[in-house]
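Each chain gets a letter, A, B, C and D, in the order it is written, and its residues are counted from 1.
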Amino acid sequence: MSQSLLAGRRWGDARQGRPAWLLPLVADPGAMLAACFLVWLVATAMAPALFTARDPIAIAPRAAFLPPDWAHPFGTDASGRDILARIIWGTRSSLLIGVLSTGLALGVAIVIGTFGALGGRLAERCVARLLEVLFSFPTLILSLLFAPSLGSGTRSLVLAVGIGSIAGYGRLVFGQMRSVREAGYVEAARVLGHPAWRTICVQIVPNAMRPLLVTATMGVGQTIVWASTLSFLGLGAPPPAAEWGTMLVMGRDYIAQAWWLTFFPGLFIVLTSLSTTVLGRALQRTLAAGGR
Amino acid sequence: MNAGVRTRRLASGLLGRAAGGGSVLFVSASITFIALHIMPGDPVMAMLGGPTADPSPAAIAAARHEYGLDRPLAVQYGLYLWRLLHGDLGVSFSQHMRVAAVLREQAGPTIVLTLSALAASWIVALLSVLVTTRRNRWLDGAAASVETVGASLPHFWLGIVLLWVFAFRLQWLPPAGNSLAALILPTVSLAIPLGGFIGRVTRDSFAAALDQPFVLSARTRGLSDWQVRVLHVLRHAVLPGLGLSAWAVAALLGNAVVVETIFSRRGIGRQLFEAVSMQDMPLASGIVLFVTCLYVIASLLIEMLSALIDPRLQGARR
Amino acid sequence: MSGQALQVERLGVSFGGRDGPRQVVREVSFTIPPGRTVALVGGSGSGKSVTARSLVGLAGPGAAVSAARLNYGGRDLLSLSEAGWRAVRGREIGFVLQDALVSLDPLRPVGDEIVEAMRVHGWGNRVTRHQRMLDLLARVRVPEPELRARQRPGELSGGLRQRALIASALALEPGLVIADEPTTALDAGVQAQVVALLREIRSRGTSLLVISHDLGLVARLADEVVVLQDGGVVEQGPVRRILEQPSHPYTRALLGAGRRGSRAAARAQLGAPLLIADRLDKRFVGPDHQARLAVDGVSFSLQRGQTIGIVGESGSGKTTLARLALGLEQPDGGEVRLPDMLWASSTRRVPERRRRGRRREIGVIWQDPLSSFDPRWTVGRILADALTAAGLPRAAHEARVAELLRQVQLAAGLADEHPARLSGGQRQRVAIARAVASRPRIIVCDEPVSALDAQVQGQVLDLLSGLQREFGLAYLFISHDLRVIRQMSDEVMVMQRGQVVERGPTGTVFGHPAHPFTRQLLEAASLL
Amino acid sequence: MRAEHRGRAARLAVLSALVAVAGCHRPRTSVASKGPLRGGTLVYATDREPICLDPHVAGDMPQVFVAEQYLDRLVSMDRDGHIRPWLASSWDISPDGRSYTFHLRHDVSFTDGTPLTAEAVRANLDQMRDPHTQSTTAGGYIRQYVGTDVLDAHTAVVHLSRPYAAFLEVLAQGFLGIESPRALARSRDDNCQSPVGSGPFRIVRWDHQSDIVFARNPDYHRAPPTARHQGPAYLDGIVWKFIPEPQVRFASLQAGELDVIDNLPPEDELPAAKNPELRLLVADRPGNPTHGMLDTRRAPFNDIRVREAFVCSADIDGALSSVFFGRYRRAGGPLSPTTPFYSPDFEHAKDYDPLRADRLLDEAGWRRGPDGIRERHGVRLVVEIPERASLAPADRTLWEQVQATARQTGFDVRLEPMSDTQANQRVADWDDDVALGYWNTNTADVLRIVFGSAFLGRTGIGGHHQNNSGFSDPAYDRIMEAALETRDAARRRVLYHQAQAIISSRYLQITTYPQTTRLAIRSDVHGVRIEPSLGVTSLYDAWLSR
């Protein structure tokens, strides 16, 4: 029984030529599609010039507000710039904002959560209360309050979105840490005679991080959505940089005459957020199914 | 469990909640104070008419004195907390009104919008989950996908697109105003993302509850699929979504800033946006505190509701 | 109560899957004449539950049920529509699932569940239904029915809620009651009460189909037995013949698992004490803010090669005692000593740092091994981790892991496997391998076989005995299962509410129980 | 003449006394011939809500628009800039120009029943000067005010500390409307909510963030000479709505929910012009046009060649044709065309000329770097432009296009979005290269405020300098002073021409387009008028043909 199981798995690996964790992706067409889109996005972010020949910054006032056609599939904006080109060139900063702010929030959350869960009873109570308060504070209001102090630009967006997301991740890390702390295998390690620090490093932290992988994947998409909202509050990237949120905000006043200015950048934000969600859920199912 | 113990536990629970709510309020008051004081620019100049206004030094000094801005920061902070403790939210710099009066006037529309969005998202989520979960592979998958897409939509973008389609193009609904019809678009643009999110959470818990033995047990008693869903499973399935609803209320109130602006609706969200840009400290902190208060109340109500649905939760809290 | 016959002929159930249909039940035939009791027995995965569920049309989503004949009271069940099935369920065929804690809706008062059974079939009105519900609860011997009806499953004891569940199945006096593992999750004493209740139901003319892996239960209830293995019938016939003259080896194995002998004078001489517990107390504060003693003045001395069995119902303090012995809990009274070191004491706090170096001497095997494995790790990594803790150099790990796997009779290839993919028995072997990896002298076994099928239980217990002989291990062996305790222990301690109510050599305790509680336990397990 | 704010009044600013009605379609004569109809409620929508309805407090444009409907002033100003009577039937000016004696009408009372007296004039002027009022506009206009003597019930003598030729013009502005002294006696904040005047309408209710409701003042019988009729207003009332989103405002107008909207955004003009149910009322405003002021106090714009190069490198016409759909005209000189003493001679001094820009920069020693940006001594040619949050999207796009065209010449233009207060601070600290703004007023004296060396210093604590270019030239200052002292129009024309020539030749700003007032009106609304002194909407003559 065990032998055949083992053999089956080996055979599966050989057939797919992929690590086992990729299998569920292959089995789920939605997740596959999402993964492909994200891969394309990352490629676009790295080498935008490969995907469009048009200049995202050079203006052509006489070609302003052209509706979508074959030459400009997504139309042109108020300065006659090709919207598709701007979306493609904007991928980098939008993805960067998503990844960096998620990373920032996650980093701080891990520090706070670990400290709270493993730093003794007092630390635990303080962190629990702090996270509760932060969580109850509407993120958008928090960002709104600090937006004028942060100023505009990508760095500020990352900071604002990152700070706003700390509470959510913090709660997750904290909860995970506390549940992992009580897990059977942590006790088992103690019975085996492993020192506490080793158990924290080798077992508690890595195991607590596992669900974070899922949340962080989904989080990248959410933060891009979030950043677009902050662009609306005046935190967007400075011109002429192409950044999805800023494009969306700038197009808003022309919605009645030139819907494509707002619609397409928004669509890309939605697709990105959707893809990370779908991928995150696929990952979640993989993890829940046990093994990696 | 005798009645005395229950009452005592309830009382201590309420006391704990009140203390928790108090600390939430204290921290949010402090955050607002700090945020508005580290902001670049001078509130007095914002108050007296911007960059090219020509207020006399006497006018500036009078304004500073009137709002206590000439005192040391620590004293301002202390006075601010002291007044809050006495329920005094102060006078708005920019509105020339008591903050309490501004809130009385503006809070209603925001609360109506928040509640209608919350209700709409729950209705949509529950309908979708009840009707489709595990009914049919295709239907289940399709509904789950719709929920996922809904949850990924930025309410900001959604609002603009809805406005464009239904108010500008089709002209089915008014683009602005405070009528009932004008409530529909803002509600929908808030409710679709939230409804998708609640739907997703509830679908998972609904499916998990369907796998519980008591469902099989109920079926062996002769209950139909629909009866099992409504009478047994639903109750279990709403709990995780309900737990998130307090957070959702806070998020909705925050998102009202954007939605009220897009739809030119009156409300404390838009007022907050203006208060922050005017550096109107009393008004901004009044609104933030009010929102926090609403959150505290909402979480208390939701906790009570959860305990009503699942009495086991009553004893679970410290 | 109109008894009607259930006729099952060549029943087959298969589930559609990605790899084509999977046959889980095949060619099962039996008949339940009115007022008779048939038992379906078999290990887990034998198809007995699916068989039972397909009799009420609830084999599960995606199940394909076929039968040459599936009649109840002369009516063809297979041709029923969903509405037709609903009319049968609860009204004509009652169904009792195992573990009422989850089989009754945990959010609703149990009374509502019973009333619901009547309401969906349109029986009576609000008042009469309520009255009947109270009558039913009284009939299944639930004391204070008015009060209990308003309580939720979580507020009732295991026995009471199982009765309530049975009451809900009896609500409309069905002619046939199917009971799927009706006693599995219950303590021995409660098991006996539930069995008595089922016998009473039977005595009133209701037909019973009992599904169980417990042949003791079957012996006391059934008229006829159907033995299932891998979805097929291997043997069936009158209960007496099957139990006394089993013809199929599988039946014999099942019977053997239930008929373990005692550990007859296994050990002549015992070594010096390895672990001494001295008047241990441990307090816990309950949900009602009342402190109570989970362990109350327990002492023992565990010697080399010895097994001390600790038996008692759930909540009697067995596990807490094990944790005290492991030094995972700080005692509130008394102390635990190793021969040359104070291990844990209520008066002098022993720092974990000091214990750490000696932890390798005491291993542990938990009831649920899976949760004690890091979910990210393979079997090999888990064992290597234990070897690291024991101070074995990395270079020697591979060989030692292979040796350990061999010792617990697992294939060497399993080292690359994640425990989540293993069967329960295999996991427990991995846990044993980890426990012995550091070559301990003592192993604390906390319900090590309770989660396992009877057959596998025997194999694991044999493995433990073998390792004990080989390495001279001492076991502190905790179980609620008296048969297991009798098989494994040299000495037995019976615990009730934190206290040891009786102790002594296994033979004495089992042969001549002094304390009424011990007698009650033995009776319930039909070992008296 | 006092200037208006540019910062917060991004879209809604002052209109001059000399309104040039450009592109204004006259109401259809067939309807108008039937004569104005009485009755009905007009629904008006604007973008910004006043923070206080009393225009004395603070003093922002939305306040004047509201004040126009319910307040009268002491004097009025006609289209030609002449001061005419209103609440004061006549006045005398002392020979030293420091005392003004106003003879008030005897038949006026406020809508709360209080009669208009000399005491009321004193109460109003005193309140504007009181620091506690926080009056920055009205109070700022009458800095020279010393006090008022009440000679009798209807004769007030106003004393000034020094001659102030613009005093009457200032009094004609809505910021200095005369309010009921009884209402003024309440607290400032109470008066903000429900001020009382003697105008054609009275304020019934103010629903914050929603609307103000006005009702006709039935006793009104003292319209200014600029009005087209006498007696009470035709309308029963006005609902004055606040709809900040331009698209929403326009859509609501199209849907028939509104009768008049102001601040029609450029992108909606074409659809509005095509819609037979709508009329446009567009008027240029005088003053210093919308511009980017170059900071000459620091590199690179301390070099006139770089300034000229920057001005030549910006393709403003291209931007106006795309972002503004060609509906906005170019303003090339330092004065808007509708300003008195405006000279067209400087319209084309700043046209797009990239070749000239290249040559100038080469001369100035700025060489192109590898990425096309010019450098000198290792310093890149960077131009920092703080962009405040309230800047309209069209203006943003316009400057993005300037950024793009200037880049081709080798400028690294950095548009830095930030909050309004932060942008103001940057400009106040001279920590910028280009300050965006405009300055609306009805006199060429604006050039003294915007470029005079007297306006370089900061006003108040943490205040602002009105001269954002840092330009300082004693000869120029003398010309401007001389223009203020003389009453001879021909002399003034010569002096102001010299001033425009100097400013234009120094390349101190990139001017883009003149500020405009843009109303869209439903075709069944008639008689909507733009008041001449500050150029705000007046609904006194308005009537509905439905």
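As a working rule, a contact is a pair of C-beta atoms (placed from the backbone, for glycine too) under 8 Å apart; a residue touches a chain by one contact, two chains touch by 3 or more.
Everything numeric here is computed off the predicted structure, so don't read it as measured data.
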Of A-B and A-D, pair with higher C-beta contact tally: A-B
Centre-most chain, if every chain is reduced to its averaged C-alpha atoms: B
For chain A paired with chain D, centre-to-centre distance based on mean C-alpha positions, whole Å: 46
Centroid spacing, where centroids are CA-atom means, of chain A and chain B in whole angstrom: 23
Computed distance of Cα centres, chain D from chain C, in Å: 86
Centre-of-Cα separation between chain D and chain B, whole angstrom: 40
Multi-chain contact sites of chain A, meaning residues that touch two or more partners: 147-148, 252, 255-256
Where chain D touches two or more other chains, by residue: 247, 251, 389, 419, 421-422
Junction residues of chain C, two or more chains touched: none
Contact set on chain B toward chain C in their complex: 1, 5, 134, 212-214, 216-225, 227, 231-232, 235-236, 309-312, 315
For the chain B and chain D complex, residues of the former touching the latter: 39-42, 44-63, 66, 91, 94-97, 102, 105-106, 163, 167-168, 171, 174-178, 261-264, 266-267, 270-271, 277, 279
Chain A partner contacts - residues on chain D that touch it in the complex: 246-247, 250-251, 265, 267-268, 270-271, 315, 318-319, 321-323, 387, 389, 392-394, 396-397, 399-401, 403-405, 414-419, 421-422
Chain D residues touching chain B - in the complex, by the definition given at the top: 2-8, 51-52, 57-60, 131-137, 139-140, 143, 188-189, 192-193, 207-210, 242-245, 247-249, 251-252, 255, 257, 389-390, 419-422, 424-425, 427-428, 437, 439, 459-464, 466
Chain B to chain A touching residues, read off their complex: 20, 23-24, 27-28, 31-32, 35-36, 38-41, 145, 148-149, 151-157, 160-161, 163-164, 168, 246-247, 250-251, 253-255, 257-258, 261, 272-273, 276-277, 284, 288, 291-292, 295-296, 299
